[in-house]
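One chain, chain A, links the two complexes that follow: it is found with chain B in the first and with chain C in the second.
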Partner chain A sequence: MILDPVFEALGAAALRIAQEVGGIVVMTAQVVRALVPPRIDRRELVKQLYKMGNRSVPIVVLTAFFAGGLMTLQTGPFVKKLGATALAGWGAGYAVLREIGPILIALMFSGRVGANNTAELATMTVTEQLDGLRALAIDPVRFLIVPRVIAMLVMLVALTVIGDLVALTGASVVGRAMLDIEWSTMFHSFADNLRPYDFLHGVYKSIAFGGAIAVSSCYFGVTVRGGAVGVGRAVNAAVVAAATSIMLLDFFLTYLTG
Partner chain B sequence: MSQRIANIGEAVVSAARAAAELWMVYISTLAGIWRAITRRKAGRGRPKGELVRQLHAIGNRSLIFIVVTLGFIGMVMTYEACLQLSRVTGDYSQVGPQYIRLVISDFGPTLTAMMLATRVGAGIAAEIGSMKVTEQVDALRMSGVLPIDYLIVPRFIASVVMTLLLSTVACLVMYGAGGLTAHYSFGVNLNLFFDVQLVRMRHVVMMIVKAVSYGAAIPVVAGFCGLRARGSSEGVGWATTAAVIGSSFAVIVLDFAISAAALFVTGGDL
Partner chain C sequence: MTAIRLHDVHKRFGADHVLAGVSLDVAPGHKLGLIGPAASGKSVLLKLVCGLDQPDRGEIEVLGQSVVGKRESELGELRQRIGMLFQNYALFDFLPVAGNVAFPLEQRGGLAADVIAQRVAARLRAVGLAGSEDKLTGELSGGMKKRVGIARATVADAEIVIYDEPTAGLDPVTTQKIYDLLAEDHARTGATVLAVSSDVVALAKFVDEIAFLYRGHIVYRGPAATIVDAPDPLVRQFVRGELDGPLAEARP
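On to the complex of A and B.
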């Protein structure tokens, strides 16, 4: 048959995706099981919290500032043309808090922290350090993966909260500098049109994004095969999986909760 | 105190050095393209068929990824916009025209490039980084081949072409997905939604400028990170991470710069 190679390729892709999704689900189950009873290596947790959270602040702040500024740049001229500058903060703030803020911060977090985490775990795997831990009767999931998953979940939420604030500041600064919208107009526009739920909507999305980034980056880190080439490929697979799951989760969370 | 100042100084110096190196990679890539066009040093440039292979790897193999992610984000954007309008005015007539204007002039190319920065940027850095740490890059240099001509130029050309094409596809997918969401979730008339009255030539020009700039930035940043890889597997991991973060950030900064420049060029009427 002329179509045989097509079907073969489709089947191979489906099998590969099924294998990866299954592996990620198994890893999630292992992490959850390791949390009951919660015995976490506290030193490792604090180290990861610092490394993943505090050291990501500069890149998140920069990203959020530009993202907020961009939203004003895109909505501002239209709002000004209609003479409704009181609505400038509505468009920019709504887009930032609910969509652009959490998504862009999660993508940057996945690039900086998720990819880094995959690289680290993958290097440990190819240099057989995980087998070393097992030989010492230390469970790698409990010792290495659980602290990382918790750190990523906590820190992405914290960074999203900071990022939202910075993005709104960025929106105001760009509005003032490029479109002559007064600070007070922008502030009142935010205060009148945005509700607490808009902010919370972005925050609970970031919990889901953090979970997805954490589990996929750990999974691709520990299942790596073969040397330096394998490490690069694992990092690539991890960021692609994280980006895809961020977009899918975003859709379902928006659709289900409105 | 003096230790702290020394640390800051060291960080500044290494950042400046990295920026200079990045600039050199960019200039060498442009020079490599010039050499490839004028066919100087014929036979020493890239291997035969490499450009086609890169076009396939960067473009065709990203297509499904781009269509899925951008389709979903298109649905989310119209859903959010309609939801917000339904609370205020309930007038959906402006959603479609405004949406396509925003998609063409900003979201389409930028989000496509963000996705490509993760997929293509990480791929390029991983590949070149592994070649660097296994000393294949040095071997190239020893055989009288410029690594930038051989490795980065084909990826650069492929990335510029494919980012432009994928951005176009992404705009169409986002528009279609958004229209169907608005129609089935909020009952917006499809004829009313698929109305391109607000799209001007300048929006299309902006999309092309943005897509080409992102397409040029991603392989240069990623290739630079790959060529800087040191050590073994750990170095490759670091290089890949740096490539993802560097190229994503480059996309955001370029987006901001181009949008701001367009605002000044068009005199506040974006």
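On to the complex of A and C.
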């Protein structure tokens, strides 16, 4: 039949996706199992926390500031036209805390930290360093993967909180500088209209996004095949998987938790 | 008792039947060299012995324990009794030279930091790398990396030491130095050695016996000293590097 090749290609793609998803689920189970009892290499954990968190702060601050500013820039003219400047902060803050902040920061984090993590683990895999660890009776999941997963989870949440604050600042600065909205107006708009749950909603999401980025970046790193070309492919696959997971998780979390 | 015993070991990678019923015994304290054409499964066999990969069929016993069908967590104790030098060094690039050599001792626990430091310093002196403790592995030449790998494989005085191409890509003088080092180390520890090398002449000076792996089988095993004049024409041709002979005819 003329459509056979199409169905074959679709079937092969579905099988490949099922294998990857299965592999990611297995890795998640291995990470959870390695945490009981929690024997984590502290030096490795601290190193990863610093590398993944501290060094991401500048790029997150920059992104968050302009994302917050952009929200005011988009909504500001309308609220001014309608004489509802008291809602300018709410518009920007609601979007930032619940959606734009967690998503943008997660995507930045995935591009910077997740991709780097995949490349590092993939290089270690192709140069037999993981086999070297196993030959020395050291479990690579416990020694390499678990500290990275914890570091990514903790640091993405921390960066999201920092990013939220910076984004609200950005929204206020742009409101004042470009739309003549008073500082106090913006502050009251945030304080009166935003609920703690709006902030927590974003934090919940960042935990889920952090888990998705961490596990997918580690999975594609340790399952790499081939040399430099394989490393490139692994990084590409990890970034695509993380971005897709972030969008899917965001949709379902928003739908389920409001 | 044998230190290493393989019985009817099979391993396939897709359609490629790399090991097709390999049987091999290595007595404690014995040094066995393993040679064979490229891609004949020598490194695969070494990884199977260490439990880093599993055979499709067959039995592998190391120091009296089976490594077949074991989980990673069950192999930990055995692996602590084995030292392995990888073909591509497998040095940890997140650690400096001293950190790499100290790593097996630190992870094993039970030794004070100053004792570990002394043992690492002694090992690095023995391999001629004193003063390179703080260098990163990326700053080292191929020969230096090999020596760091040897220091790491032998620092814990393992009962079995596995060397995968310990001198590949090294010049003749460095090759001889490396083998002198391995011989000194063996004289000190009396460990069982399983070594793979393409440099048969240099390997023959170090090991007691040599086995020839060809098309998935051990087709010859004999004294290393007389390998050049081995009775098997396949082995003779391979060792002498002759173009004409049964090896060329037998190749697909």
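Note that in this section the second predicted complex is superposed on the first by the 258 of 258 C-alpha atoms of A that agree within 3 Å, B and C clash if a C-alpha of one lies under 4 Å from a C-alpha of the other, contacts with A are read in each partner's own complex, and residues count from 1 in each chain.
Throughout what follows, contacts are C-beta pairs under 8 Å (C-beta built on N, C-alpha and C of every residue); 3 or more make two chains touch, one makes a residue touch a chain.
From a predicted model like this one, the values you see are computed outputs, not experimental measurements.
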| item | value |
| --- | --- |
| Chain A as common anchor, with chain B and chain C clashing or fitting | fit |
| Comparing the two partners chain B and chain C, which touches a greater set of residues in chain A | B |
| Angular separation of chain B and chain C about chain A, which is computed from CA centres of the superposed model and rounded to the nearest 10 ° | 100 |
| First (chain B), second (chain C), both or neither touched by A:Tyr204 | neither |
| Touching partner for A:Glu128 - first (chain B), second (chain C), both, neither | second |
| Chain B versus chain C as contact partner of A:Ala137, first or second or both or neither | second |
| Partner chain(s) touched by A:Thr244 [first = chain B, second = chain C, both, neither] | first |
| Chain B and chain C, minimum CA distance [Å, superposed model] | 10 |
| Footprint overlap on chain A, comparing chain B with chain C | 123, 127 |
| Sites on chain A touched by chain B in the complex | 59, 62-63, 66-67, 69-70, 73-74, 77-78, 80-81, 94-95, 98-99, 103-104, 107-108, 110-112, 115-116, 118-120, 122-123, 126-127, 178-179, 227-233, 235-236, 239-240, 242-244, 247-248, 250-251, 254-255, 258 |
| Chain A-facing residues of chain B, complex | 65, 68-69, 72-73, 75-77, 79-80, 83-84, 98, 102, 105-106, 114-115, 117-119, 122-123, 125-127, 129-130, 133-134, 232-241, 244-245, 248-249, 252-253, 255-256, 259-260, 263, 268-270 |
| Chain C partner contacts - residues on chain A that touch it in the complex | 123-124, 127-129, 131-139 |
| Residue numbers on chain C that touch chain A, as the complex places them | 47, 50, 52, 72-73, 75-77, 79-80, 82, 84, 86-93, 103-104, 107-108 |
